[in-house]
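Here's a structure for you.
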Amino acid sequence: MTIAPALEETYGQKIRARREHIKMDRDAFAGALGVTPDEVTALEENSGVLTLDRLTSIASVLGTSLPELTPEFVSDLDGGVRYQLPGDNPVIEGHRGDTEYYTYNCLVRTRTVPKLVPLLLEVNVDDPEKAAFNVGHDAHEVIYCMEGDIHLKWGDKENPKEVTLPQGSSFYIAPGVPHTLTTTKGSGPGKVISINF
Amino acid sequence: MTIAPALEETYGQKIRARREHIKMDRDAFAGALGVTPDEVTALEENSGVLTLDRLTSIASVLGTSLPELTPEFVSDLDGGVRYQLPGDNPVIEGHRGDTEYYTYNCLVRTRTVPKLVPLLLEVNVDDPEKAAFNVGHDAHEVIYCMEGDIHLKWGDKENPKEVTLPQGSSFYIAPGVPHTLTTTKGSGPGKVISINF
Amino acid sequence: MTIAPALEETYGQKIRARREHIKMDRDAFAGALGVTPDEVTALEENSGVLTLDRLTSIASVLGTSLPELTPEFVSDLDGGVRYQLPGDNPVIEGHRGDTEYYTYNCLVRTRTVPKLVPLLLEVNVDDPEKAAFNVGHDAHEVIYCMEGDIHLKWGDKENPKEVTLPQGSSFYIAPGVPHTLTTTKGSGPGKVISINF
Amino acid sequence: MTIAPALEETYGQKIRARREHIKMDRDAFAGALGVTPDEVTALEENSGVLTLDRLTSIASVLGTSLPELTPEFVSDLDGGVRYQLPGDNPVIEGHRGDTEYYTYNCLVRTRTVPKLVPLLLEVNVDDPEKAAFNVGHDAHEVIYCMEGDIHLKWGDKENPKEVTLPQGSSFYIAPGVPHTLTTTKGSGPGKVISINF
């Protein structure tokens, strides 16, 4: 079982800060929540008994969103740096239909920049005719072509733009743009470094 | 008891999206969490049983922060607008020491802009010598002087800057700047509109 | 003639920082711009002779946007605060068609938060039938009804939502939502505080 | 000579939009600038004659920052994608003291994400004792170790943290953290992919 990291603040501290920010006193908050003022005190000092349903009611009463009441983890960086050795890379098969389309080697990540997802991506299909599109994703992506002749298709999958990019090429894909990678016909597998952020 | 608003997405949907974004499959996720793959499926399809402790473990396993897994409420706006009638303004006494220093009339708020906190503020103390500082807060603040001669002090409370501002004046206070309002000596109470954002 | 405020950095410093950030040396930059390396040095040390056309070419060569090369002013705040006395409020007539629809009393502004535009708005038309819509704007807006019975219409101007809001009411309008204010039929002019941010 | 890209809007359009946003009419703006209303019209319709000094005065009069008046370029993406072939990578020698410390192969960039600077970095020094620190920079950085045994030092250069990272390792460096790369003693040069964003 994993050990969860420490939090920067407790839920109780976040709740209290919000309550005070909107100038609501303890009694009014207790009344709106349907609890006693003592229960409010317990909640703000020790939020261990808090459930998600209760948190949702509290956010509603405090006129705020749920993420605004949710604390951050303490940083997982060591002096601003985090590294990962190759033996620790999780390796995932990415299927599209019946095909092992990509193999994902997951590189270093950090909770402090959750959108950063760096991957060493093995491109297993060597036929642009068999390209399978994704639907685009919410992140910027920059790719370096490390091995093989990479064939990129993007845009409308019925009528895509496309280009062949030899080893050493690099490209950027904006958020939301559908795209897919193969290698050129019959050229064997390829490898790219893909950084999503 | 308040009825909590609907969520834009479920926790389960947020968890699944994150898991897929980092290319982790269900089995690896189940293993890391110490549950069965069927329990992962249940969690992602129906997150009702989720506790805060479990959510914290999940965020840790998925290498992300808690707010990133926390859904937003659906908007509380009606066609982009939300209004509040004066009879619905919560009224709160704001004490500093033994004094009813301010009276807060809380104006309209919306969950879609949680940092927006508009107040009609009654300034009850009419003696700058009795000014009581706050410690600054995390929001921008803009104030319009509606009634009375407002006396503003700010900065270092031992050696503050200060100015008297007649009705019709306005001022801006940057985040983190300690400040306090009274009216001028013996002039009776005042009123300001204070918008925090 | 106005005296322009000082800049946090010069254009030359911004250009040099960008050039170094993308690992371009002075000679390569000079070649791409069609100038000599000495002219690059002069440009980076003393950007006084820079024209907008030249700045545009430079941004293009450095693969960046124009705002990224444009410096900020030093702050116009005094210890984090800026105030404006009522006699210094610019007063502007806002016409819609032939009507003096609003009168704008412009309250305090600061360069450090350019989107903040606080107004004391006189609502001159007392007939909701004569309401003239704006097309929405890019800012959040929160309004406090200070005098008169304010009539708000918003959304589709052919088929608007509407509400009458007495003195002491407040409302929020999201960015991009077309809206308009009058007072109720025959009730005379009104006044609101409008904060755009 | 480079051809500068088209702008999304003109400076004149940005100036007019700001002027209208703060409810300033043409005459008041002309008076504050010390020009005639006709010159304001010319400026807003055809900003070609604008100098940086004039732009600075205008920003001051309009109570805004310079970047707020500065237009963006039209996108340099083709359907959301931009790529660069390896023969088009600018190659720059990066000296520290007398040493050719790094060789930078500059990968694809886009004006729409100016902070994104992807590099193929050749690490020329194979002795951690000769490591030369940078002072940290304003961007997030993620690195993949492509060739050689990379030796990373970071933090306080008098008393750094350090680690050796074999081919296939990856690491993240937060903004502002001083750091430096060599390869291990006597192991020859190395190569990494470095993505700054």
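Which chain is which? They are A, B, C and D, in the order written, and residues in each are numbered from 1.
To be clear about the criterion, contacts are C-beta pairs under 8 Å (C-beta built on N, C-alpha and C of every residue); 3 or more make two chains touch, one makes a residue touch a chain.
Remember, predicted model here, so these are calculated numbers, not experimental data.
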* Counting only C-alpha atoms to place each centre, which chain is farthest from subunit D? -> B
* Gap in Å, rounded to a whole number, between the CA centres of subunit C and subunit A -> 34
* So how far apart, in whole Å, are subunit B and subunit C when each is placed at the average of its C-alpha atoms? -> 25
* Structure fact -> Shared-interface residues of subunit D (touching two or more other chains) are 109-110, 112
* Connecting every touching chain pair, does the picture come out as line, ring, star, complete or other? -> ring
* Structure fact -> Touching pairs here come out as A-B, A-D, B-C, C-D
* Would you mind writing out the residues of subunit B in touch with subunit C in their complex? => 77-86, 89, 107-110, 112-113, 116, 118, 120, 140, 142, 144, 146, 152, 154-155, 161, 163, 165-174, 176-177, 179, 193, 195, 197
* State the interface residues of subunit D toward subunit C in the complex, per the touch definition above. => 1-5, 7, 11, 18, 21-25, 28, 32-34, 47, 50-53, 55-57, 59-61, 63-68, 70-73, 90, 92-94, 104, 106, 109-112, 114, 117, 119, 137-139, 196
